[in-house]
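I've put the structures underneath this note.
You will see chain A twice below: alongside chain B first, and alongside chain C after that.
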Partner chain A sequence: MMLKSKKIFAVLAAVAASLSLAACGGSNASDTATANSDKHANDNASCTNKVVHADAQKVTVWAWYPGFEKIVDHFNNSHSDVQVCWNNGGQGGAEYTRFQNTIKAGKGAPDIIQLEYEAMPQFIAGQQKYLVDLGKYGMNSYKADYTDGAWNSVTFGSSSSVYAVPVDAGPFVMYVNQEVFDKYQVKVPTTWAEFEQAGKDLQAKGYTGKLTNWQTDGTAVNIALFAQKGAQVYKYSASDPTKVGIDFDQQGVKDVLSYWQKLSKEGLIDTADQSSTDTMKKFGAGDYATYVQASWFMGYYVKGAYKTAADSPFKIYEAPKWDDSTPDVNQGGSAFAVTYQAKDTKAAAEVARELYGDDYAQKSGVSDGGLFPTWKKLLSSTEFINQTYPYLGDQKANEVIAPVAKGWAGDQFLPFQTYAYDAQQKSFASIVKSGTSVDSGVSKLTSTLQDYAKQQGFTVESVK
Partner chain B sequence: MNQTKALRGKRKHYGKENLWGWIFTAPFAVVFVVFLVIPLVYAFYMSLFTYTQISGERFSGIANYVRVLTDEAFGKGLLLVVLYTIVMVPIQLGLALGLALLLDSFKKKFASVSRVVIFLPYAIPAVIGALMWGFMYSKLMGPFTTIFSLFGVQAPDFLSSNGIFGSLVNVVTWQWTGYYMIILYSALQSIPTELYESARIDGASELKIATRIKIPLVTGSLIMCTIFSLIGTLQFFTEPTILRNQAPTVIPSEYTPNMYAQALAFGYNQTNYSATVSFSLGLIVVIFSIIFMRLTRRSNGLGD
Partner chain C sequence: MDWVIDMSAIEHSGKHAGSHIRGNPRVFTYVVLIVCCCYFLLPVWWLVVASTKTNGGLFNGSHGSMWFDSTMAFWDNIKQLGTYQDGVYWRWIANSLLYALVGGFGATTVSVMAGYGFAKYRFRGKKTYFNIILGALMIPATALVIPTFLLMSDINMTDTYWAVLLPLMLNPFGVYLMRIYCSESLPDEMIEAARVDGSGEFRTFFQVSLPIMTPAITTVFLLSIVGAWNNFFLPSVVLTNPNLFPITVGLSQWQTRSTAGSASEQIWNLLTSGSLISVIPMVLAFIFLQRYWVGGLAAGSVKA
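After this line comes the complex of A and B, so read on.
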């Protein structure tokens, strides 16, 4: 018996030793993403799309944009020297996890990857950069093509480094249930003070729904609300990658949270999880008079909540403001980054820029994909401004949204944004829903996130 | 000389038998080592390293285990699953035993139909079951709002922070009671009927037969079910994970230790610490199981 257990132990020890050797053999990514130039490494890659010119060099792409197959086909038909090999690597978090796994494995990542702006810092944080600096491939000369906010979101405070090619954005607007406001003859609010008053007026006149829903599971929406008050809560710069700034303990944040806490106490708003089926059901039943959200909300929710375009009572208005100095803000959006595993870095950098680089692709992205563009030229074109939206009662919504997109200055996010959002949610939900004091809530959240940052090896600095 | 020769022959013979034993167990041993022992060892190995975005992966010894001990999220999750265990295990097994005894007494067609019906939820995949309950708990789409309003009362808010505990207990009980009932029922079937006959002749009532003969004779199975239930509840994962889609604020990502391990590995990119959490949870489950088996050593039939 003794002998047997000794034997087993020896086997286990041997296994452990071989594993540790294997782990040591795993290559660590270099400090900065290096350039590769293997033109044939992707020859046998399998693609979701059909490759038109089979002999041409292939560049692999992961993306989940709606209608992206049209963009890929257009690209492949108009290029004979290089072909796009596209696969859907999952949407949002699912794709980022897959990308993380390929980083751990040291192989398997695509050449080009779609990433949301808020997800990028985690891949360029610290000493290891998994995204290629496209500034080295001439991206800086295209700066003028993109809105300032989008450009700032992919450069991370650097003057020469560009970590992705901007594609879409989510200008922050207000969806207004026009039928409700018309029926009760209440003026559509333009300021947050009027917003609260509108809620009271609607209730006084017999509207049984709620003014809006403050989402307990809201993530980037709160960052946008704070930004309206000029409160920047996160700071991260690619040129100083070991430092992060985190500060919720500031007046702007407190003002915003106190405002929503007050509205909740007054019974004017709902505080339900956005992702629950009940919330969307209420939305479709006209139980919310407004919804302050990003422009993409129409594509994702309004279309889902109503069977036909004619049923939707919603129109888009400017988001309520605090005063004349309230800036235009944004919630969401994504870009194409080139990964450090790209087989031919230079080719990948070019393809990333050209995918949505011409008029056809940009128009298709807007009309087939429902993307809100970051391309200045398209944003100013009369065709785009005059575009009508059936789900908004044929409103020329871009007249309202385009100025917001142009006015947005850009946001900053943390290299551990998923964790930060989880902590944020818990804190804000307890403040707005359960009446936790704003002061203690924000100071606890700040220290929780700062502690996590330190534990992850970052130096915590001021957000200013 | 002769003696040693004989001994050697014996040893050779013994070795041959041993070899056959190994050959017969090899298929299982391979699967066991590849899919259980190696992942376990690897998880333990990983838990001895720390990954941070700044300095990458570094050997850190037991530092992660020290962190687990003081980790509020892990502690809270563990406390919660212990609470679930205390509430859920007795309910499930009490119901299962009661139903098994009832079905054992009615040997009619009705009994076999009910047996299938009670067992049916177990045949539904846990994910589907949780999804289904998620919809039933919905205020606007679920049937409970209508049912409760028939009696003029408001339906409880199943997916609120106050209601979620009971809601989850209900889903799990619905799913597993039938399974434990079948185990207990088959144990009851194996009791020789002569015992009941002689008891009846001695004037024992049906209730007495149940409490004095049937229950004592299925104690072994009952304890086995308790261990299954104990382990399952401490590793609570599927149901809260599915219901989290409906109520992410009520069920945070670190609700149970297993969910915390998943969030760490796939949400926060902390695979090493996730391995530590998993390993610690595994250890705690083993300790709980051993304590329980020791306490019931006399009647569980698992000891020597």
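After this line comes the complex of A and C, so read on.
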């Protein structure tokens, strides 16, 4: 018996060893993104879309934008020398994991990949850069086409390097349940002080719902809320990729968290997960008077929660401000990056820029995809500003949103943003929901993340 | 068995007054079974109800989540399943059938042959090989997915049907089960007798051994089919082209499409109706295969 189990352990050990070998095998696959120029490597790639010009060179793309098939068809119809071969590589985290796997394997990555702004640092951190510097392919001459915030989000503080082509963004606004405010005759708040007062007034006049929901899992929302108070919590620059800045221990962060802690104690707000269907149900049932969120929230909740557009009582207002100097902020958005595995780097760089680079594609992105553009030309067009939204009572919502998009300066994120979000979420939930001390909470969070950064081999610097 | 004895005891004692206490085990059994039934069927009931709702109805419908909404949208949902993304849903169902049938058949074939070999032949390193299989049984399949991906990538097989099918064909549990079954229910004497009568090894295997192994084969086949139908993690890693997805990966992609932030599409109604339909083949598989399975296993147990 002893002998038998020993043998089994030996076998297990051997298997485990071969596993770890396999896992290590791929990790030294690349150093820095280099240029390739094989025009025929993608000839046999399998695509979700139809390729119009079968003989032309193919460029592979992973993207999950809604309505992206139209963009692909438009591109392939209008180009005869190059064709897009598109697949949906998964959405958000699922796609990043898949990309990591192909990095380990040293092959299998697409030429062009859709990445959220906050996910990009993890692929350009340290010595290994998996995203191509598009600055070397003339991207800098298109700087003026994009909003400052979007441009800063793909350049990481560099004046010459560009790591992706901006596509969409999520200007931070306030969704207001107009029926509730009309019924109880309460003025829609424009400052955070008025916001709190509106909650109290609504409650006093008999509204049984909550003023809003502070989302326990609303990680990026908090970054936007801090940015409103001028508090930058993360710092990361591609030109100095071994250094990161992390600091929650600053007055702006403390002010924001204390504010929400107070609202929660006063029973004015709900503290439920954003990504639960239960929250969406409450939203549809009129249990929230407002929702302070990115503009894309419309596609996410408003359309989901109501049977018809006419049922929706929501309208978009500017997000509440602290004072006149409160900046416009943003939550979310994504861009097209070119991977180090791109078969023909130069062609991929051009396609990445051209995919959403004309009027048709930009308009389709807005009307078929529900994206909020970062392309200045569209942002300023009268057609865009005058567009009405049925789910918002035919409001010309872009009148409110477009200025926010233009005012946004850009945010910075960490090369281990997922880990940071997890830590952030735990800390803030205990502060706002359970009433843990703000001071000790933020200092503990800061040291936790700084320690993790050091473990990962980064040098921690000041965020200023 | 106990239950049968109790039954007869109840019938006998029923004639005597005041002995109803003996009937309690039966009531208790029913209560437990009914509770179990509700526990397992409630989610299914929810799925049936939810598949008849529109997207808005799912969140904002009348009569709550456990009853039908005022608008009945089941057929509409089915129609949408056929048109959304060019009807890729039915392609996923077909893919799942392919993976389940080919994978299930392959896994069963390999298991039966390997199990039979382990049970009935003596060869060098037999114990070591079997221990390796036992070892493989102890490693969760999930842990092997990334190494499998890297291997597949090395031989340029990612994003092909084979990337899903090949790993499915190896079912250590099936081999283990077949070996146990063969050594318990298949007498060596019978194989000896066949050999003495001049039957070759293949003929012995196909005509003498295989019929006796039917119940175990059905079991392994059913388990492999179910395993292949529910296979999620491996295909989600090795496949990128949606035209190759099985239904599990496809539905999960639709779900992230509905929950993900930026400009998402709301297709919860397609998710619920699509999930309902995806359950049906497995229900059918159980209904048709269970009679062989249960009947066969019982027959085996009596003989043993």
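Just so we're on the same page, the second predicted complex is superposed on the first by the 434 of 464 C-alpha atoms of A that agree within 3 Å, B and C clash if a C-alpha of one lies under 4 Å from a C-alpha of the other, contacts with A are read in each partner's own complex, and residues count from 1 in each chain.
One rule holds in what follows: a contact is a pair of C-beta atoms (placed from the backbone, for glycine too) under 8 Å apart; a residue touches a chain by one contact, two chains touch by 3 or more.
Only a predicted model underlies this, so the values are computations on that prediction, with no experimental measurement involved.
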Practice problem: Following the overlay on chain A, give me a clash-or-fit verdict for chain B and chain C. | Solution: clash
Quiz item: Of the two partner chains, chain B (first) and chain C (second), which one does A:275 touch, if any: first, second, both, or neither?
Solution: both
Quiz item: Is A:48 in contact with chain B, with chain C, with both, or with neither (first, second, both, neither)?
Solution: second
Quiz item: Looking at the overlay, what does A:333 touch: chain B (first), chain C (second), both, or neither?
Solution: second
Practice problem: For A:306, select first, second, both or neither according to whether it touches chain B, chain C, the two together, or no partner. | Solution: second
Quiz prompt | Greater residue coverage of chain A in the superposed arrangement, chain B or chain C | solution = C
Quiz prompt | First (chain B), second (chain C), both or neither touched by A:102 | solution = second
Exercise. May I ask you to decide whether A:462 touches chain B, chain C, both, or neither, giving the answer as first, second, both or neither?
Key: neither
Quiz item: Looking at the overlay, what does A:426 touch: chain B (first), chain C (second), both, or neither?
Solution: first
Exercise. State whether A:128 touches chain B only (first), chain C only (second), both chains, or neither.
Key: first
Quiz item: Intersection of chain A residues contacting chain B with those contacting chain C?
Solution: 12, 15, 19, 23, 104, 275, 277, 281
Quiz item: Which of the residues in chain A come into contact with chain C in the complex?
Solution: 4, 7-8, 11-12, 15, 18-19, 22-23, 25-26, 46-48, 62, 64-66, 69, 87-92, 94, 98, 101-102, 104-108, 116, 168, 170, 275, 277, 280-281, 284-285, 294, 296, 299-300, 303-308, 311, 332-334, 369-372
Self-check item: In the complex, chain B residues that touch chain A
Solution: 37-38, 41-42, 45, 52-56, 135, 138-141, 159, 245-250, 252-253, 263, 266-269, 271
Practice problem: Spell out the part of chain C that touches chain A in their complex, as residue ranges. | Solution: 54-57, 59-61, 71, 85, 127-128, 131-132, 134-136, 138-139, 143-144, 146-147, 149-151, 153-154, 158-159, 236-237, 240-243, 253, 256-266, 268
Quiz prompt | Interface residues, chain A side, partner chain B - complex | solution = 12, 15-16, 19-20, 23, 28, 93, 97, 100, 104, 122, 125-128, 216-217, 242, 273, 275-278, 281-282, 415-416, 418-419, 422, 425-426, 429, 433, 455-458
